[in-house]
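Next come two complexes built around chain A: one with chain B, the other with chain C.
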Partner chain A sequence: MSTDITTAVPAPPAGPSAMQRLLGLNLVRSLLVSLGVLVVGVLLLESTDAYTNTQLSSLTYFTIAAIGLTALTGLNGQISLGHGALMAVGAYTTALMLDTDSPLPFPVIALAAIVMTSLVGFVVGIGAARLHGPYLAGATLAFAVALPSVALYFKGTFNGEAGLTVISPRPPEWFVSFIDAVSGEFATSSKYVAYLGLFCLVIALFFALNLGRSKIGRHWRAVRDQEVAAEIAGINLGRTRVQAFVISAAYAGLAGAVMAMVVRLAAPTVFTLVLSLSLLTAVVIGGLGSITGAFIGSAVLVFLPPLVTDLSTDAKLSDTQAAQMSPLIYGIVLVLVMLLAPGGVMGTLSMAWRRRRARRQLTATPTKKG
Partner chain B sequence: MAHQPTPARRSRRLALGAALAASALVVAACGGGDGDGGGGSDPGITDESIKIGGHFPLTGVAAPGYSEIPLGHKAYYDFVNANGGVHDREIEFIAKDDGYNPAKTTEVVNELVLKDEVFAIVGGLGTPTHQAVTNFLNSEGVPDLTVSSGSILWDNPEELPMTFGWQPDYESEGKILGQYIAENMPDAKVGIFGQDDELGEDGAKGLKQYVEDQIVAEVTYVPGNTDIGPQIAELQKSGADVVVGFNVPSYTALSQLVSLKLNYKPEWLVSNVGSDAGLVGSLLEKFSEGAVKGSSPLTGLYTTAYMPQSTEADDPWIQLWQKVWDEYGDGSPLTNYKVYGMAEAYTIVEAMMKSGEDMSRESIVDTFEQDGGDFTGPNYVPFRYSEDRHAGIGGMKVVQLQADGTTADKTPVLKTDVGDAEIEEFTDSANTPPESGIPSD
Partner chain C sequence: MQHFINVLLNGITQGIVIAAFALALVLIFRSTRIVNFAQGSQAMFTTYIALTLMNNDFPYWVAFLGALAAGFIIGAVLERVVIRPLEGGMELNIVIATLGLYVAIQALAAILFGSDYKSFSSPVGVQGFQVGDLNLALTPTSIFVICTVGVVVVGLTLLFQKTQLGLTMRAAAFDGEVSRILGVRVSHLLTFGWALAGLVGSVAGILVATGSFIYPSYMESLIAFGFIAAVIGGLDSPIGAVVGGLILGIVNSLVSGYLAPGLVTIGAFVVLIAVLLLKPGGLFSSTQARRV
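Let's look at the complex of A and B:
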């Protein structure tokens, strides 16, 4: 499966009917990949224990947000240190809508979270579209720091520092019987949330795969690579940048909705700057602009710290020392990736693959390197 | 808080019951496979061991001080294990780091409950952090004992039947400080310096019951924002000559430094959580880059105490903690945070002892409700545990820090409660630790 959206080749020129066929083919391909992820996800959820299930639900919301960020940064070239704050918008929306006697069905709530976050993303995007490089980083950083204090200011609605507790939705009957049929186990609400996360991830993935290969994706790349050329070609730079920010924010909103249910709390202390930064690290470790990379980076983020803590505890370190090991190892991994594989996991892999292919093509006429 | 059950609440309770029954079924169904003790027993407890765990900030901004609480727990459990354990069972205690981030708290508590399969969560630290896991723990039927936070949220047996508080709540503390001011400083102009959460709010609420008309200014700070110059300046401008701080230790240090800078010298009363002289002194030294040495600027500061402090070397409880710490600690000096951890651990061990040999998750919760009011720990005033209440220690005394680091009593031990409960003098004599240092069954 090739999910590398930065290197996706633009559709070759063809007649309208061929074009349509190709579009259909893309759709079919994205659909197949997404369904594949769905099947693998269900198999993973049903073959692992309850704790791993909760880790997998963390993985779903991290990946959704990372896909959104990798699209913004990798495809459109905008950096954002404020995605944690956008997730907060989605999470608070979800927490507020779930806090009634008979909450709306989750898809409606998720959609509301997406719309709210997109609106906020639109406002931030208008500002962001005018900024570049460090200024853009600074502005989004300020946003990440400032937004949680909104919850403190409007204490009546958002309950200040303590935050809003989220009561996980109860699994509906059809779900309970489905799980019973698949694995013969009782469906807990943690499991239900993991499945909701998985479905959100699959839908998010499907759109992201199509986005990369669509006209919008090509516009984003054009703006990223050559502003002047893009403008001459008739692309409105500002509008494209805002559009990228809004779509990326929508992903963060959906991720926030899932996160609220996984964490069971929306509070300012959940959405610290650290969250925004770890999303960016996930994207960088995995490989900028790559959806598979977003998966890998998020997995590192979710699975590495508990693994390190476990190993340290097994090595007879005290609880405190074990706790201190995990940020240390995490930092070392990040430094090593930056030094040895600045393209991230996927960037390095695809580079290696391309080099090999080039070498093979050149074996007939061994001249200078490309 | 009104506890009139509404239809929603009733349905939630039904759901809780269903979830409990369901998880019992799951446990029963899986029980055969994991070989974790005899048939039908709860997770985390075997004939040889009891596994418990808690979440604490071992790294990050909240770690100084608070990260010592699990050390106290561990030292006391090691002491109990070395002396025969609880009904011949060894206690295995796991402290997990949540960095004071609720998202991490959820992760580590999932790990403790679902992977490590602990019998109970003990001493979970922090209000926003612990709030993220109470619903989960209660729906899974995991006892959630001695929460390390003075919020009143843990006293909610209707919705959180497995959750129990431990330390006195901030509102009761505010009331006791308020009464002290009203009686001893009737002409004082009072300013409030509060953390912008339930610590500041509940504390101020209690305080105002007694000194509403003496208050001239009320300022709040947001944890994380270290610039509190404007707040202190406002207190100074208002002419407040007594300031009551409901804040955490780092903000005690900051407020003292800023006041020094502004040449503002009111009498300070600081809530128990923010007044640890050792920690505040070391923070003062750090923040002022060595300009202020030790805890001397804190001399004369009023605070409260609900059990003996680490500096009271003659107290039998402190002698017990010192002995335990010397034998099972890491060699560092005994601090109030380690004392706090050991005192919590003492409550846990006492509940386990009283739950008997065939202890279950249900029976330890019953023990807290039935016998919790008579627990014999170091606290001056008993716990308020009963079937209707899950609130912790019900009183304290006002003390003043002395130049040598010790404290001097300013009031007798006072007993009170949230709301309009009276403040009464508590005259029962304090518990003394048993000879063995381990509570009896």
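Let's look at the complex of A and C:
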């Protein structure tokens, strides 16, 4: 900047440019990241076949739920084995609201699913706020086992064991012409659902990125790390925990709404304890508390099972055996991650990165005076 | 009246099985402060071993003992291989590891033994007794179940109260550091504790199955019930676990008999929340303050 060589005064360090300052704002950065995911998502959806499209739709709802769970467990330190059951609340709400001749627009339905699930999450959260570790795990496990029987008891509304068939929303005119303009193909209902899932994911991601760095996120971490200090600093422990549970439940509700449309079924057999445990697997593999980790873990959940099933069918296993190979691998991976790399993928990467940087600084110190 | 008596008898039989399973959870919790979520899967796996033995023409009793031995060994191995390295780390990590075992063992059983329903016969009858005009919901099988759990409870009480081993186990659970200084091999005792819990869990698993059907997830609701019973009893009191199991069994049976069978798990969940909110230390807690 300063080219004046007559003065001996060194130039003041250049301040960040307007562009850099703008990028430094979290709001702007998270907006850019979310838009990036949106663009990548559209490109992926338009460049792959129908089967991969369905897999990508599954990826959207798994990721939404995993982001909610990783925020709860990673940022706030509360474990939940009941998120599969919370997804059921969102899914049943969606199924019931779509089951009319002229259903409301999807944003309204999604909002209703979120509100319903948040309410249930609020009730569970009040109980959960007072519990720790194994107690919390056990209580949410009991919740996950108990909730499906509501669907069995109120047979008239929820159709018992068989569950509700979800009528997928028909793509609106503008969407059909949009897809026609982009790829020249006819927009199917499942393509529309995939796009809805992608939009929900982008919005959920945008909120989560801001949440982690906001006052709320800092409060959550404070409560997780140092209860007493947090309380002295004026944070209401109980209210913060319930808040975390409600927000996390809202994510599960949105995920359930998308899942209902992708799977086209809301039944007790869909929302088993195994679903809750797979979500936990996803966030643990990815790295607790990391949103990138939630993406990685969800991708493992979606793309690993078909791979494993193919391999086991090649290995002459029967269909039922092949179907059980992926839970077997999930379980073993959960144990191995805890034993070998408790930080998951993202935790391990960031630790390696930090160690490398520290070593480089150490070797750099003697030559560079700092 | 007949309905009420039968509901009560059903509740006691169910409750005694829940109690046995809760005992297994308590055995581990009191010495290590860990709730073993894999307990149900371990028990289920050993029940399949018993069934395999029975299908190979071994008598019920041999199969029963074989399953107990398997449960004992599986418990010890899991403690050594998975739990030991995680001790002293974050509380959540062990919880997640036991959940991983839960899923893995259940899937492994489905792969090895198939996921269809298989009948598990009873060594005694399943026909209810008749007293005068009353058709009691008490079968030879339920008497067998009650007696078996009784033997387990008496055995455990004798072990803990009358033997050197039991004394050192209680000491290690009470204060591991001091016991270690006094020459107690605490690390061996922890392994033994997990093995013993595996054995007791197997008893519960077989008793649930006897005279009924088994499939890989048949212990799923019992894990929740056993945990709830253990919490009612305070999680570290063996007597509390037995009483908690009986209470929960009777509550379940009342809900099923007078409201609707579908509401049983909901009722149990309500009981759990009520206990945790009103008396978080359980009904038998000796300590006043405790983080739950």
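One rule holds for everything that comes next: the second predicted complex is superposed on the first by the 309 of 370 C-alpha atoms of A that agree within 3 Å, B and C clash if a C-alpha of one lies under 4 Å from a C-alpha of the other, contacts with A are read in each partner's own complex, and residues count from 1 in each chain.
Everything below uses one rule, namely that a contact is a pair of C-beta atoms (placed from the backbone, for glycine too) under 8 Å apart; a residue touches a chain by one contact, two chains touch by 3 or more.
Only a predicted model underlies this, so the values are computations on that prediction, with no experimental measurement involved.
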item	value
First, second, both or neither for A:V274, with chain B first and chain C second	both
Touching partner for A:S149 - first (chain B), second (chain C), both, neither	both
Partner chain(s) touched by A:T93 [first = chain B, second = chain C, both, neither]	neither
Chain B versus chain C as contact partner of A:A137, first or second or both or neither	second
Partner chain in contact with A:I79 - chain B first, chain C second, else both or neither	second
First (chain B), second (chain C), both or neither touched by A:Q324	both
On chain A, positions contacted by chain B and by chain C	149, 152, 274, 320, 324, 326-327
Parts of chain A lying in touch with chain C, wherever the complex brings them together	73, 77, 79, 81, 127, 130-135, 137-139, 141-143, 145-146, 149-150, 152-153, 273-274, 277, 280-281, 284, 317, 320-321, 324-328, 330-335, 338-339, 342
Contact set on chain B toward chain A in their complex	7-8, 11-12, 15, 19, 22-23, 25-26, 29, 58-59, 67, 70-71, 74, 94-97, 100-103, 106-107, 110-111, 114-115, 127-129, 131-136, 139, 151, 153, 195-198, 222-223, 330
Touch list for chain C against partner chain A, complex	29, 33-35, 37, 82, 85-86, 89-97, 99-108, 110-111, 114-115, 220-221, 223-224, 227-228, 231, 260, 262-266, 268-269, 272-273, 276-277, 280, 291-292
Chain B-facing residues of chain A, complex	49-51, 53-55, 58, 101, 149, 152, 160-163, 165, 167-168, 170, 185-186, 188-190, 259, 262-265, 267, 269-270, 272, 274-275, 306, 309, 318-320, 322-324, 326-327
